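Look for chain A in each of the two complexes below; its partner is chain B in the first and chain C in the second.
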Partner chain A sequence: MANPLARLDAIDRRYLYGVLLLIVVVGLLVPIPLPLAVGPQARGFYDAIENADPNKIAIVSTLWSASTQGENRPQTSVVLQHLMRKRMRFALIAFGDPQSTTLAQELAEELARENNYVYGKDWINWGFRADIAGTLKGLVRDINETIKRDSIMKKPLAEHPVMAGIHNVKDVSVIAEVSASGNYVSWLGLVVGSTDAPFCYAPTSVMAPELYTYLDSGQMKGMLFGIKGAAEYERLLGIKGFTTRAITPVSLSLVLLFVLIGLGNYGMYASRKKPSQGGTA
Partner chain B sequence: MEWSHPIGVWVGAIGTLALFSLIYRENRLYRLFEHLFIGLAAGYTIKAVWTETLKPQWWIPMTEEGRWPWVFALAGGALFYTIFTKKYNWMSRISIGVLLGFAAGQSFQATANVYIPQIRGSFKPLWVRPDMIPEGSLVTPLGQSLSNILFVVIIVSVMTYFFFSFEQRNKALQTTARTGRLMLMFAFGAIFGSTVMARMALLIDRVWFLMNRWLGIG
Partner chain C sequence: MDLKGFLGRTFPAASGAWIWWSIILAAIGCVVVFVLLQALPGRARKFLIAAVTFLAGLFYAAEFFLPVNPETDENILTFAVPTVGNVTNVLAALTLGLGVFSLVRIHGQKVAKLREGWENSVVLLAGIVVMAVAGLGYEDSRFYRSLFRDVLNSFDAAMFATLAFFIISAAYRAFRVKSAEATLLMLAALVVMLGQIPIGQYLTHWLPEKGSFASLFRLDSISNWLLITVNAPATRAIGFGLGIGGLAIAMRLWLSLERGAFFEAKAEN
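Up next, the complex of A and B:
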């Protein structure tokens, strides 16, 4: 008789998706207070904004679309909330995917209403730029000449009070990039060396492991490791938002993955073992 | 369920469920929404490139602000399309050459700025004295020394693995390269774990959208 455990490596994937869905739904409805330690990467990001010069402007660069908003939207949200809490001026700019400027604008408007931030006075949207390298080199030289008009009111940049005294990247307090792509190379290569402003990065979890070398070398002052990084940042800000709730199903689904990998491997091992022959060895 | 939900939420919910239907099996509804999503994203990009970049950066300066030399940008861009004709395709090389020159110059600057600090950062003291530890740090000098030694061992072994120019017959070289390959496996494992976490986060976002925004649960 065949070993029933040998079938463990051939479970219909639809059952596995069903279990995963159940875990996610239960995890979202019944948040389990799991411990979440704030890592030095998130702390570095937080400190960079906390210690930024309030007389300068912060740049929040976004390169994400609806496909990665599960991670990038909460990251953008915590960064904007921190800037608004500090009453710092900030400018949004988007590269790579034009959805990014719309989604970031939508989020910023929502948070601006809650924090009494006025467009044009406290914050501005520099819009979407298709050419990353050309735009970044332009920002180093002259921001007004490079961006020309804002994305919402279509007015010359210099006419907005938020841009008073802002000429080039030397007038920037902190650069925060929230991205689903490797845009950091352009920022590090073309901008970071030209300004004292610390550069912080909030990538998706997929990209995060390869960025530790940049933290180690000091080129990045902080990093938000996907949704986990956003949850750590929420903890630093003392708020309980979406990621605080989402971290339970994230943890449970990873546990499920470990269990399934174990079962699958055991099933494969069991299916390779020859069945015993009537008591003979 | 409230019927006063915005149409956008309903469209989003139906689109999400249609795309998730692939989990059960391949079907026409999934294909329809997949094509819709790709088509919308492509159309949105074309519209955004005009409204966000070409119009404010090129059209308005050229037509309203008297910066007429911008018209030559159109001619330069149009030269790319000569690649489709056998007789004039040599002209496309003019634009390609100019762009390559710009890109090469930028890459030269960017490469130096990105990688030189990393090379500098890899020079770590193997023996850390107490006065080298930043004030307030919880790391001990011994711990930092071990961390630095581990860092150097890993970087040397991984780089040895990538020596493909000659056959690695030396025993020490082989062992170092094998260690490097093992270290790479650790890194790939970490990347795999992170990738799973990213995908779970995307799923959770969509499930929360369906539960909270669409059905009003939670």
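Up next, the complex of A and C:
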């Protein structure tokens, strides 16, 4: 008689999908109140904004679309909330995906209403730019000449009070990029060396491990590790928003992943047969 | 040599009606250049395109490497960076238009000849037209916002969300501990991932967060150590390799040494 445990390495994938769906839904509805330690990366990001020069402007660069908004939207949200809490003026700019500028703008408008931030006076949207390298090189030299007009009112940048005294990246207090892509290479290569402004990055979780080398070198002052980084930032800000709730299904999903890997391996050894190569996901 | 002044005198900034005349003349000039390019023999066209590619690539390299005036922090090319950036933006927009043209041509033919799957092409073409009309003519309307937020965003997010299901299934089927390396990899992955989530951090939460030797044994501390001390040097090494490879490819592209390019094939005909 075949060992019934041997079947553990061949569970129908529909059961796996069902369990994952259940875990995510239950996790979102019933969050587990577990403490989350704030890592040095999120603290570095927080400190960079906390200690930024209030007389200069902060740049919040976005490169994300609806596909990664589960992680990138909360990251953008906590960064903007921190800037607004500090009453710092900021500029949005978007690269890579045209969706990015609309999604970030909608979020900024929503938060601006809650925090009494006035467009043109306290914040501005520089809009979407297709050419990353050319734009960043232009920002180093002359922001008004490079961006020319804002993307909402279509007025020359210099006519907005928020741009008073802002000429190039030397007038920038902090640069925060929220991205689902490797845009940090352009920022580090073309801008960071030309300004004293600290550069912070908020990538998706899958991208985060490759950025530790830049944190280690000090070129990046902080990083938000996916949605977990946003949850840490919420803790630093003392708020309980979406990420504090969303970290539960993320945790449970990873636990499910470990359990399934364990079951798969146990089934393989129980069956004492050579594991199948590959297979459909 | 005052290159900026020379260009400013030769091509003064257009204003008023001259802006429109400049655009019309530029458009006519583009058509003329395009026709001339078509009339050129293949080899001459290849040479011309290689020359333009080289000059375009040379601009940023020269602007980066040329010494700057310490007082202005600029060199003779720095003033042109925003303009060249704008030209690149226009070119990027043109390639977007080219992509749309290509899509419409291919799927239009499919629909016209009722080839297999033509129904999907109809949906695609209708999507392009409706989104373009809504976005260009009615950007502030509820219709456009609904298309963008309710349709495009939802589809985009739903597509990406299905990845979680595939990752769970793929990890379950593929992650088999069959060697010492695989065991090491799984242990490292386990510690790193557990160190990133509250449930994992809870396992060692009774240890002090920092300031004592015992804090080093917290899962989040070990996870951070693995990411910074083990992962970062490995990433840096891969980065060096990629950088050198990228430089080699960039040089080949810049000098038009890449074989099998479209224009090369045309030139050989």
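FYI, the second predicted complex is superposed on the first by the 272 of 281 C-alpha atoms of A that agree within 3 Å, B and C clash if a C-alpha of one lies under 4 Å from a C-alpha of the other, contacts with A are read in each partner's own complex, and residues count from 1 in each chain.
Here is the rule we go by: contacts are C-beta pairs under 8 Å (C-beta built on N, C-alpha and C of every residue); 3 or more make two chains touch, one makes a residue touch a chain.
Just so you know, these numbers come straight off a predicted model, no measurement behind them.
With the two structures aligned on chain A, chain B clashes with chain C. Judged by the touch definition given at the top, the superposed model places A:P209 against both chain B and chain C. Contacts of A:G264 after superposition on the shared chain: chain C is touched, whereas chain B is not.
In the superposition on chain A, contact is made by A:S65 with both chain B and chain C.
With both structures placed on the common chain, the touch criterion links A:R141 to chain C but leaves chain B unconnected.
Once the two complexes are laid over each other on the shared chain, residue contacts for A:A158 go to neither chain B nor chain C.
In the superposition on chain A, contact is made by A:T101 with chain B only, not with chain C. Of the two partner chains, chain C is the only one that A:L34 touches; chain B does not reach it. In the superposition on chain A, contact of A:A133 is made with both chain B and chain C.
By the touch criterion defined above, A:V255 reaches chain C but does not reach chain B. Here chain C runs into chain B after the superposition, and of 42-50, 132-140, 168-176 or 240-248 the stretch doing so is 42-50. Applying the stated touch rule to the two superposed structures, the overlap between the chain B and chain C interfaces on chain A comprises residues 13, 17, 20-21, 24, 65, 67-70, 99, 129-131, 133-134, 137, 205, 209-210, 213, 216, 225, 228, 250, 253-254, 257.
The part of chain B that touches chain A in the complex is made up of residues 23-24, 41, 44-45, 47-49, 52-53, 56-57, 60-61, 102-103, 106, 109-114, 117-118, 120-122, 187, 190-191, 193-198, 200-208, 211, 217-218. Of all residues in chain A, only 11, 13, 16-17, 20-21, 24, 32, 34-37, 39-40, 65-70, 99, 102-103, 129-131, 133-135, 137-138, 141-142, 145-146, 205, 209-210, 212-213, 215-216, 225, 228, 247-248, 250-258, 260-261, 263-265, 268, 275-276, 278-279, 281 touch chain C in the complex they form.
Residues of chain C that touch chain A in their complex: 60, 63, 74, 78-79, 81-82, 84-86, 88-89, 92-93, 96, 148, 152-157, 159-161, 164-178, 186, 190, 193-194, 196-202, 205, 209, 218, 220, 224, 227-228, 231-233, 235-236, 239. Of all residues in chain A, those touching chain B in their complex are 13-14, 17, 20-21, 24-25, 27-29, 65, 67-71, 73, 97-99, 101, 127-131, 133-134, 137, 148-149, 151, 154, 185-186, 188-190, 192-193, 204-206, 208-210, 213-214, 216-219, 225-228, 242, 245-246, 249-250, 253-254, 257.
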